[in-house]
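Some notes on the structure that comes next.
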Amino acid sequence: MSSCYGNILKLSIFGQSHSAAIGFSLDGLPAGFKIDMDELGSFMARRAPGKNKLSTARSEADALEFLSGLVADTTCGAPLAAIIRNTNVRSSDYSEIRDVPRPSHADFTSHVKYKGFQDVSGGGHFSGRLTAPLCGAGGICLQLLKTHGINVYAHIKSIHGIDDVNGEDNIEELKAVSSKTFPVIDDAAGEKMQQEILSAKENGDSVGGIIECIVTGMPVGVGEPMFDGLENRISSAVFGIPAVRGIEFGAGFEAASMFGSEHNDPYTVKDGNIVTTTNNHGGILGGISSGMSIVFRVAIKPTPSIFREQDSVSLSKMADEKLTINGRHDPCIVPRAVPCIEAAAALAITDSMLQCGMISL
Amino acid sequence: MSSCYGNILKLSIFGQSHSAAIGFSLDGLPAGFKIDMDELGSFMARRAPGKNKLSTARSEADALEFLSGLVADTTCGAPLAAIIRNTNVRSSDYSEIRDVPRPSHADFTSHVKYKGFQDVSGGGHFSGRLTAPLCGAGGICLQLLKTHGINVYAHIKSIHGIDDVNGEDNIEELKAVSSKTFPVIDDAAGEKMQQEILSAKENGDSVGGIIECIVTGMPVGVGEPMFDGLENRISSAVFGIPAVRGIEFGAGFEAASMFGSEHNDPYTVKDGNIVTTTNNHGGILGGISSGMSIVFRVAIKPTPSIFREQDSVSLSKMADEKLTINGRHDPCIVPRAVPCIEAAAALAITDSMLQCGMISL
Amino acid sequence: MSSCYGNILKLSIFGQSHSAAIGFSLDGLPAGFKIDMDELGSFMARRAPGKNKLSTARSEADALEFLSGLVADTTCGAPLAAIIRNTNVRSSDYSEIRDVPRPSHADFTSHVKYKGFQDVSGGGHFSGRLTAPLCGAGGICLQLLKTHGINVYAHIKSIHGIDDVNGEDNIEELKAVSSKTFPVIDDAAGEKMQQEILSAKENGDSVGGIIECIVTGMPVGVGEPMFDGLENRISSAVFGIPAVRGIEFGAGFEAASMFGSEHNDPYTVKDGNIVTTTNNHGGILGGISSGMSIVFRVAIKPTPSIFREQDSVSLSKMADEKLTINGRHDPCIVPRAVPCIEAAAALAITDSMLQCGMISL
Amino acid sequence: MSSCYGNILKLSIFGQSHSAAIGFSLDGLPAGFKIDMDELGSFMARRAPGKNKLSTARSEADALEFLSGLVADTTCGAPLAAIIRNTNVRSSDYSEIRDVPRPSHADFTSHVKYKGFQDVSGGGHFSGRLTAPLCGAGGICLQLLKTHGINVYAHIKSIHGIDDVNGEDNIEELKAVSSKTFPVIDDAAGEKMQQEILSAKENGDSVGGIIECIVTGMPVGVGEPMFDGLENRISSAVFGIPAVRGIEFGAGFEAASMFGSEHNDPYTVKDGNIVTTTNNHGGILGGISSGMSIVFRVAIKPTPSIFREQDSVSLSKMADEKLTINGRHDPCIVPRAVPCIEAAAALAITDSMLQCGMISL
């Protein structure tokens, strides 16, 4: 397996949904950085389920227990490790899965890869629960980036085709999203989205959506060309989040339908700085930050766990077999994934900045 | 810089557009594999410009000169290195760029990152020319994968909104694309696309498009969860190609508008194998191959080099300045990028298969 | 920091001497391997202090608490993580160190590197205590290698110039060493060594020694040339153990005084296998295993913590200052380091074997 | 294979003894550094054979041909690649080796690992010739370190038991060694060594020796704890040089016979800096540089290629067979390895300094 990420900043994530604990080890943070534990707790709470009727009923404490790497909440240079105990579980919901793989989950692929030895309980290491340590590590990076004037803001861009407004054109309102229960800019659109989710839930179905993320305050020159550019780094981290199916930067797939004369971003001098008058490039050129806001969007598939009867197979009989899933599942994971996207971006950017010596305390 | 890719299969790409040579070093191929040099030459020729009036007039030999790693065209276990001499250049077209960055190129970002020492000639290390060594290394991987029953087929999915038919539904025709001059399935659509490109060229403008890639014959179980899954690996390689702005797998961004009941792929037993009846997951679940075809799409932005006057700045004067680009530039790089996408996918899949011991000779 | 090791098998070690816990995350083990917990406990007990009057009085439970990666003691393919709670501490012994660095410890270098934010308590992340997680991870690898017919045996080769007999010539007796309290082959020599250690202890001084390690049952062909050969891999792991000052393979430094005609190992066919009649090469040629036993020796410096007054400086006053260390310290860490050397070798060899696909369950 | 080294500074070495060329790609150097090509040529000439009757008669130009990464001899930020054409070969000397492995060479191990497909000519990728690109890349790092006040000086410490004086006590004379034909401090000892080598040559035999390397001007704080310390990094690079059998730092193996009271290095304030009054730690504590000179020694085995008849086997017949080597071989490679050791140290230190942001132009 490779649940490890990073060149200078090395993140290792461990844990399965129903193992004793899940957690992370983060190596490479500079010494002397004081973590705001309250802020970290608030950040992680944006991810925690059980907050409202949209999410899974499985409530989790999600409190990080730090094991090492800090002295008086300040990084001491040694690897930072933290765990979250798994306390609220209901394993009997998953007994059928060992023999009958759930469609669009990792049951079948991991069964073959790990020759039947994989931990199936709760989805094992593939569970969305593993985004909790990702958010822990990423949340610390977010704080570190903030001291460098860099901020990461994500919001729901759409749920099942219902759109929020564009983030880059509504930056001030975007900044307020992190304190909302439902992370959208336009609350009216948010209401429609929540109706869509509940409607799907009542139908025993699920929906997906798109998350947009904007990073402001980037200096120029972060990222390496070719295989270690910011797009490569951010993608590598973001695809570590379950249910992600696509990523696009700046104008993204829309650029494929634009003329160069429309898509190119002209330069101009403004207040003594070189900026672009439009930002179709989404803040990254040649893999390197341009100083303009980094803009990217992530496609999240509808939750595979639905409550309708589905067609599957019995692995032991090698014959078709019906499957009905019980248990507690999110009809839509998009709202919960919003802080995860911020965390992933923060990890990628922090690692890139450490690589070119642009992190200082 | 990090022009290096891979865990077991380590690829290093070097060269600038106008340096003495460009090339690659590829370490980790198993010994005893015989390369079909004619096939490799044909593959790389799909990328070479100067073939038709659509592409840049700068013709290049693009013949790989192997320096090491082979004995009688057979891998000997030592690192494989090859170069391509840069012979056909016209440096005087780029003299203005040092002071006036071209919009949507890497001129400005690399200028800041490398403090003015970057090689600006022809775009330096950011030039599309560097996809030649990528195709050399990837072309070898394509042959190796073929001996394992795995094939990689890419085609133009759209140019400036003009669509080709879907690849997965037209697999046999898709296989024939690699021998065509213009890499589409539906030649009528291809004609319209080529008209669109020429029209843009006549207007001193450029267009972009989308490339779709399908990988058939994958075994189950390739890829590692979380940060080393096939999506992470393929993205890391694909974003190493200039002008790529987005990537999506399976249903991709469309999944964001689907219900779970629509998007989930049911399992069934067919001819003694477990397959899915639909393939919205695009052959990858939990980062691991399912045995179904891998399907992904890549967004390519319109070529930044256009011949209209553009707004830019003078770096020395720190003031606005107009810019008109001369020289020889592709009005659309999408056709040329098709083999590059296949090469990138082949590299990622070969590395992943080496990592789980599934490559054998 | 980089407390991470490995290419396929990725080990992350975290913890400081007085943090809440120390532990490791180990990613890359194949699924389906059942760990013998009793054997692992016995292995780690060989390292634990407080067993006899030779070692530090700080007794520790050292029981590994597994957090993830196992189902019924069997690897499930997900990262394996385990911690050891730090329970028995006495921090008041270290208060003086923040200002007055202990000679030949990492106090001064870490103080400068981490700008005073390092965790000084008990030596922080540099403490010998961190060899406990190393032994946990390495102990699991030892079991895995054993199923492949590979065994790792280390013993004390010398303490302060008092020699044990040679391991390769006394293989059967060497195998019995792991069950002894004092890990030597020749118990008479062992008695003299223990006297030497106690004598040093009574003098408030310390001694060092040499550990020899032999790995039997290696297949031919493990290891990669140049920078990933077995010597490079084993050295990288072994120098992660505190107090290591040198490493030599086969005839080692003695080879520098031999003629080629003496040092070369002739080949012969024996029982249908190709072996060498002598083993000056210590089982490794060109970085690759030859099938003969791997033989290497490690130099361990005398414990820096001695109870005599020493000359040091006050960092705050930037002036000379005397230092007397109190607390509980090993007069000789060599006996405790013996299992650590085995663990390090096992990690390096397991990773190398995974890299060339030679691990199978 | 893994002929790749480095975290930030990524070095890839390619080539076999008789392939078209050997060379390297070096990625990660900061832009704007001007290489002194004459100095680099002089440095590499210290390694080149054919200079005197001590070395192999196979003379090679060894001139580096740069392919990329430089503009006007100044690094431009893109990967630096260079090759050396192999022009002077005599392949008929190696025809017998395919079937009869040379004792203490990598013939047998590479034959098994690469299933007979390895390039045997001239020792293939295992040839000492591959130290030429190592010296090219390392030579550039030496120049970069020099601009930071860091210098790397190596000399022959002993040949077949005949000792040179200690380097650290004779620093000024040590600095003069690089301009000598025979790299020792004490020329009288050097004369005896050369006699010893010629005597061995006349006997159709070979000798080995020890190289000592001293790095002056190190700042405090370079290197990471545990697995990425300076000892780990330097060892990893040094064991990439053929014929290396051991490495020790500071007092090294001698520390194993010292008391702590003898081995510990007391601190004192001198001229406003914290230094140690002795340097048994060899400049590295806890993997981190202390500011004192780094001191290490490397054991080089006697050249395996000797001209006496040796016992070996026929791989095809699986039976014992005699072997007599012809050709042109060094009776002692130690003098040629001296600059290689400096190169390896420079690579390791440069990479470590880049990792903690201590390289600046």
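Each chain carries a letter (A, B, C and D) given by its place in the written order, and its residues are counted from 1.
Assume a contact is a pair of C-beta atoms (placed from the backbone, for glycine too) under 8 Å apart; a residue touches a chain by one contact, two chains touch by 3 or more.
Owing to the predicted nature of the structure, the values given are computational and were not obtained by experimental measurement.
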item: If a chain touches chain A and chain D alike, it appears here; value: B, C
item: Classification of the chain A:chain B interface as same or different, half of numbers criterion; value: same
item: Per Cα centroids, the chain farthest from chain D; value: A
item: Distance from the mean Cα position of chain B to that of chain A, given in whole angstrom; value: 26
item: Between chain D and chain B, distance of the C-alpha-averaged centres to the nearest whole Å; value: 39
item: Multi-partner residues of chain A (each touching 2 or more other chains); value: 1-4, 7, 13, 78, 110, 113, 125, 225, 355
item: Complex contacts: residues of chain B adjacent to chain D; value: 1-4, 10, 12-16, 19-23, 25, 27-28, 31-32, 65-71, 74-81, 83, 110, 113-119, 124-125, 361
item: Chain A residues within the chain D interface of the complex; value: 7-8, 78, 225, 355, 357
item: Residues on chain C engaged by chain D in the complex (per definition of touch); value: 1-5, 7, 13, 101, 103-106, 108-110, 112-113, 125-126, 130, 158, 160-161, 200, 205-210, 220-221, 224-229, 231-232, 235-237, 239-240, 242, 244-253, 255-269, 272, 274, 276-277, 280-282, 285-290, 299-306, 308, 310-313, 315, 318-320, 355-356
